[in-house]
Structures are given as C-alpha cells and as structure tokens.
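Next up is a structure, given as structure tokens.
For clarity, chains are labelled A, B and C in written order, and residue numbers in each chain start from 1.
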Amino acid sequence: MCPHRLMPLSAGVRVGDELQCGYHGMRFAISGACTLAPGQTHIPPTACVRSFPLVERHGLLWIWMGNRERADVDLIPDIHWNDHPEWTPSRGYHHVKADFRLTVDNLMDLGHESWVHLRTIGQDEEECIPNYPLKVNVLGEGLIRALRQMPNIEPPPFFAMVLDHYGRINRWQTAVSLAPSICMTDFGVYPVGTSPDDAYRSHVLHLLTPETESTTHYFWSVARNRRLEDDDLTQEIGKAITQTFDEDAVVLEIQQTQLEKYGGSVPRVAMKVDEAPIRARRLLEALVKRENEDPEFVYRPPLMIDDSTPELEMI
Amino acid sequence: MCPHRLMPLSAGVRVGDELQCGYHGMRFAISGACTLAPGQTHIPPTACVRSFPLVERHGLLWIWMGNRERADVDLIPDIHWNDHPEWTPSRGYHHVKADFRLTVDNLMDLGHESWVHLRTIGQDEEECIPNYPLKVNVLGEGLIRALRQMPNIEPPPFFAMVLDHYGRINRWQTAVSLAPSICMTDFGVYPVGTSPDDAYRSHVLHLLTPETESTTHYFWSVARNRRLEDDDLTQEIGKAITQTFDEDAVVLEIQQTQLEKYGGSVPRVAMKVDEAPIRARRLLEALVKRENEDPEFVYRPPLMIDDSTPELEMI
Amino acid sequence: MCPHRLMPLSAGVRVGDELQCGYHGMRFAISGACTLAPGQTHIPPTACVRSFPLVERHGLLWIWMGNRERADVDLIPDIHWNDHPEWTPSRGYHHVKADFRLTVDNLMDLGHESWVHLRTIGQDEEECIPNYPLKVNVLGEGLIRALRQMPNIEPPPFFAMVLDHYGRINRWQTAVSLAPSICMTDFGVYPVGTSPDDAYRSHVLHLLTPETESTTHYFWSVARNRRLEDDDLTQEIGKAITQTFDEDAVVLEIQQTQLEKYGGSVPRVAMKVDEAPIRARRLLEALVKRENEDPEFVYRPPLMIDDSTPELEMI
C-alpha cells in the first residue's frame, strides 16, 4: 500500500515497470523506492513501500514473504506439469472461506468422493472407495503420499468421458502433500486388459496460498497426458473440476463455520479415512516446531515429487 | 452434527430411518449410534450423536432438550385446534430476529393493532382498541389471559371479509400466554343482533421456539370454526395473517436492535397496554427462579386452555 | 425514539405538528412531551422524548446537540450561496463510510484531482495540478484557506462544458475549511484574455454531518453565478458532481478500511499536498483541546467566509 495514505497500490495503475498510486499519483519502482511525488522535488526516504522477492516458475508466481536474505529459488519444488509440452493443463481458482489445512485434509482424504462427489468422480455405493485399501508413506521431509488401487471397476461418468470407454477400468489414485501447502492428486485410468503405460493420467496440482487464518486462495491445475491439443476437452475438464471443487468448498466452509462456533479441531473422532490427513498435519506441525525452536533452521522441501506409475498389484 | 468432522447431518440424506453424513457417508440410527463407517468394520464408541426425545402431537413435533429421564408426553398442553376435524387451520412460519419474549409481549398486548395493523385487522382511530377495557386474569401456573370486548363496532376489512357482513359487529379478543412460549389469540365476531354461539371464531396459535437469545422460530396456525371446506378462504387467511405478522416482525426486530444498542429492557415506561405482557413476563421469571432454586422442581403447565365463549356484557 | 418501547419515531407518522409512534400510537409535541397515550388518561411524566433546538437557515436544518442553553442562532455561519437569488445551486447527498475528517482532508487537498478525477475535473499529467504553487492561510479561528492559481491552461472537460469554451482558460481554486465540518471549494474559470470579473464561478459547499466515528452524512451544494435559469445545466452539474464525489468516496472508504485494519492516522508520511489538510486538523484539534480544558469556552466561528475574487498574479 502507498506509504502516504494507505491506498492499495493494486487500486492504482502500472506505468512502465512502476506502480502509480490512484490518489496522488506517487510512483514506486520495483525496489519499493518512490520515484515521483507530484508537486515536490524532494522525496522523503520514508516514502517507500516494502517489496518482496518474486519469481515466475512453472507458470506461477512464487513470492517469498520471510527474511529477504533467505529467499532461494532453488527451493522451489519441481511442479513442471503445469507448464510443460508433454502435459496440457486446465486451470482455475477458488476462493475458499476455510483454513488451508482443512483443504489439505480434504485433498489427502481419498475417502469422501463417494459421498461429496457422487455425481462427478465418485463411485457408487456398491464400489465404495473407502473399501479399497490405502497405503500411506512418508517420502521425505514434509512429503507424504497415499495410494489407492481400484482394479476392474465401473467407470464414474468423468472417467468414462475422458477415456471414451464405458466398460470396466483399472484406476489408481495418489494423493501427495508437500508441506506446507502444495498438494497433488495423481490419478490414472485405463480399460481393463490394456497396459498401464498407456493410461490416461492427470496430475491435479492444488496450490494453496493462505490468505487469512480462515480463508485460502486455492489455485489449481489439472494437467493431462492425452489428447493434448483437444481444447474442448481442456474446457470440459475445467468445468467438471470447477464443479467438483465447488462441492468440496461447501464441505470445507461448513467445517470452518462449525469450528469457529464450537472450537477445537477436526477430526473429533479419528476414522480410517483420516490416516493420511492426520499424518500430513503432523509433518507440518513438526516443521513449525523446528522453525520456532531453531532460528537457523531452513526447511528444504524435496524438490521432486515422484509420479512414476505405481506397481499394479491388481489386475 | 456428525461426530467425525462436525458436518450438520441435516446437510446429509435420510436412508431408511437413518441419517447419512454428506462428507464420508457415516450412518446414524435414531438412538444416535453409528451403524456404518465406510472403509472400516470397527466403529469407535465415541462416534455417536446426541439424540433427543421427540413426539408428534397436534400436528407438531415436540422435542425435549432437557434431562432425558424427565421427558413426559403427558405434559404437552392440549392445543388440538391445529389438528382437529371441527377446525380448519391456515398455517405458516416466520423467522423473527428478536428475543421470543418480545413476541410474547406483542401477542399479549391487545393495544397495538390500531397502529401496526391499520390496513389489516386494526380498528380506525375513532374506535381505537385500547379505549375498550381489558381484563387480565391468571388462570393457572404460567397461564394468563387478557380479554377485551368490543360491542357494536364497524368491522375491520379482514372480519368483514370472513363474515361476509359489512354492517356493525360484536367482537371479543382473548390473548392467552402459557409459559414459556405458547400463546393463543382467541377471537370471535358476529353481526349485531345475532347469537354469540354462532360467532365466527379463530384460535390463533403462536408456537414460539427460541433459536438463539435474539432469534425465534415462530410457527403459527389460525384455526377457524366456519366454512371448514373453503380452501380459498384458508389461503386468503394465510395470506392476510402472513401480512399481519410481517408487520409485527418489523416492530419486534426494531425493538431487538434498539435493545442491543441501548441495553436494558422494555417497556422503559409502563403503560396500560403493558399490563398483560408484564404479568406474563413475571410468571415466566417466577418459573425460571423456581427451576434455578430447586433442582427437583418440574413445571407442570395447565394442560387445557379454556376457550369457552366469554360471557358477553356488551350487547 | 419512543420512551415506551424504543421505536424510532422516524418510523411513525407526523400528525399536525406532532409525531405519532408506529407501535402504540403515543404522540409527542415539539417540546418532547407526550400529548396522547391511547387507552389511558394519565400520562406518566417520564413518557417524554428529548428534543433539540433546530432552526432552518440558508436552506438547511441546523441542530444543536449540546447544552440547550448555549444554542445560539447567531453562531451559524453565513453560507447564503445555497439559498440566494444571485446563485443557483445543484444539490446532493452522499453517505460516506469514512470518518468526516478524511473527507475534510480530501477537500482541503487540492492535489488529488489529476489522479482521482482524471475523467471529470482533473487536469492531464502534463499540467499536473500539484505543480502549481499553493498558498495556505489561516483567516480566523478555525478558518483556513488554500489558494491555487492556474493561468493559461487547457480546460478540463467539465469547465469547457460550462464555459462553452474549448480554448485555454485561467483558473483558480480556493479550498476553505471552517472547523469542525464546513468546507467550501470556491473556484473560478474564464477564457484567457477576458476579465476575471466575468468569471464563471462556483461555490461548492460541503456540509459534513458526522453520523458515527466512521460514517458521515455528506450534504453538498454547488452554487453558480452564471446561467441561473438554465435547469438543464443545474441537472448536468448535479450529475457531474455526483460522479466526482463518487470517485472521492471510493478513496475515502478505502482509507477508512485501511485505518481500521492497520491503526494510526494518515498521512503516514507528510507530503506537500498535505499542508492544508494537516493545518486544518490542527485547528480542529486546538478547538477540541480548548473545549475539553475550559468548560466555559464557546467556539465562535467566523461568520463570513471571504469569497472575493483573488488578486490574479498570473495573466
């Protein structure tokens, strides 16, 4: 915001590489220094704004809000799927009125699809997703993965549509959480009797930017490995995912409201579906604790998220 | 709410006689016990919801939110007019953003009609309702009645319509309050020169369920004793009463807002119209005091509300 | 509000010179005394409302909310331009969700026009207003004036329209603040080469009534000295000024929100454009201090606001 009268500079205009305040026309360079104050030649040195290290990578802007000297672009994880020629993304954004950790819970919980997303990606009750075993593994500091394999199932409407195949399929799901707030849902589907190497795959990137303690900027990108040039499909996937995340947002915002009303945390009673969410929260809490206890501690997240095709035990 | 992640079960679905949560599909029986947790066979005993004794009577659901062992259906007052072959009800609901006691005040105050309801049931100023004497009597524990007789008056539009008679009428009003929150307005009108036994009568039941300290679920039912099969009249009365209670709601919500702003209670200055409201509040306060002082105290409200035709002194 | 059940009397009706409450029909005289309480003959003496000295002058209502005995109509400043045969006003009202002092700041700051009002009265950047010198003078107790002269400039769209002259003009601006909350913007424009005595002049009266600490009733009136009978122009000016003040309101409300979020006051860094606003605030603060320190102190504002044509140094 402008150091003069607190106007957000986002409400001003960009002039070249500078920002101009919409109230009195003061201009600021990328460094934060004021370069022009209409009506005067001397510019007080306190008339400057704070600037932050910012870099564009993988089609996203990465901002470093901590100690400027510790900003290190080499700590940015490789999530190239959002911006890579072998993958085509459908992208979107949700403003979620809930703590980002409730969204991480939801993304790491591969058990709610049947109920929240019945009309989109959920299986029907006969083949209820939570009945398939789930393996949860910690893969590195702050990195956890849950894997579920569902062999020989009826395809939910969304998968039947993208495969253009209405017979039975094999399906796997991988839910990944990289602390503090990057998640990836990697899933693959292929018709029974075909090779997993030819699977239709999607890497759904969930890039959560906490806004306040109870609201989250939720940027998402669904990158697929098939029919890369099919713009109609890109649109259709975008629409379907928007609808799916709309359904999730309802559940998240209700939970947030209930927590504000009743206090405490969730889950109140730990069920099996909570294994991965709970372990992901513990990884995060451990990192927070270390950072609080050791001022020299630097969290170095694993840079690569393994997306190799899981060994299929199921066909 | 679901004991797992606090989702309101009202946001789920009913499956047979059980409720299914909309997040992970957990199911709960009428007792509150969890009967199904998808993905696991063992159900932790803490995964249960609180249940309440509930019974349907007189076309209404009665819930007992106190100590379960004290629930006693024989304490439910007889308000059969809502669901009885000799009476035809027009029913409705208002969500009122005010303390339920302000609504009781309003219902027991037979003096505001001329001003708040001028266009509907109010008399015009020449025959201003508060100028007719009002008799207030305590009829039992928690039960109070105010009676006003208005002989030989011009009919307000609503009564002229239901009587299909535009000449002068005799009218009486009875306002009853049964602590804590059942009110009944019993009124009768009949053309001057005819018998009160043939009066058109309405029993207006006001069934107030406090939601919070400052909001009330207001269920109402206007049961009449004439033209029982006349569905058009049932609709018309429903519309007219909705409009009348809309007018009251405005006044109640303004009072609530003013009380939150300025503190204290109403009336600030006691006027004659406040006699019944003030006495009804005192009955309620006395019951609250007894309950607070004596843990064994059980409030046994009078079961019958007398609706006999008042002795007419007026023709 | 009604002393009975706190209903705002503004929600009632006027009956002759009395106000009648919309709940129970109680009536109140100009003195505040209750003159009628339906249903009773004795009226309790506490059933009265507070009344305030009020007078109509210069087309406005002036209320005195302090000690009644100190009310003195002779302390009302002469702002006759709002209601005088030699001036034609365009009048309007804005409800501004900001501290009235932020509006005074804005009105005394003759430097924001280029940026906030670029499409209406702002000069373009080449002739950026803050680059013209500004003279600020204290003219009396609580009275301050800032003057800026802009010779031989391109006319902004609004002035070209009212002058019906699209060539270069001379322009002056006078911003006046009379503590606590009367401001006047006196401006004049005339084509280069003509006499300032024939200038098109406007006295823009900004009459700020604080509603709460963070909201303001902003009554305004733009009185002009030319084309007095031109009703279309009156309308056009009203529209243009509404749009201009809409633009200001956005800036003021953002500042209010930012101050509530971050605390403190503005300006955070004093710039040259803040000279008049800061001095106007100091005059106000000095008066508040004197009033707090001396219970006998009576602020006697200068009654006349000088609007003589400034000596032009510029042609």
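The rule we apply is simple: contacts are C-beta pairs under 8 Å (C-beta built on N, C-alpha and C of every residue); 3 or more make two chains touch, one makes a residue touch a chain.
It should be emphasised that the depicted structure is a prediction, and the values quoted were computed from it without experimental measurement.
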Practice prompt. In steps of 5 degrees, what rotation angle do you get fitting chain A onto chain B on the CA atoms?
Written response: 120
Practice prompt. For copies chain A and chain C, work out whether under half or over half of the interface numbers are shared, and give different or same accordingly.
Written response: different
Discussion item. What's the distance between the Cα centroids of chain A and chain C, rounded to whole Å?
Written reply: 51
Discussion item. I need the residues of chain C touching at least two other chains; which ones are they?
Written reply: none
Worksheet item: Mind pulling up the chain B residues that touch chain C in the complex?
Response: 109, 111-112, 114-116, 125, 128-131, 251, 254-255, 258-259, 262, 266-273
Response to the item:
Given the complex, residues on chain A that touch chain C span 1, 3-8, 11, 20-26, 37-40, 44, 46-47
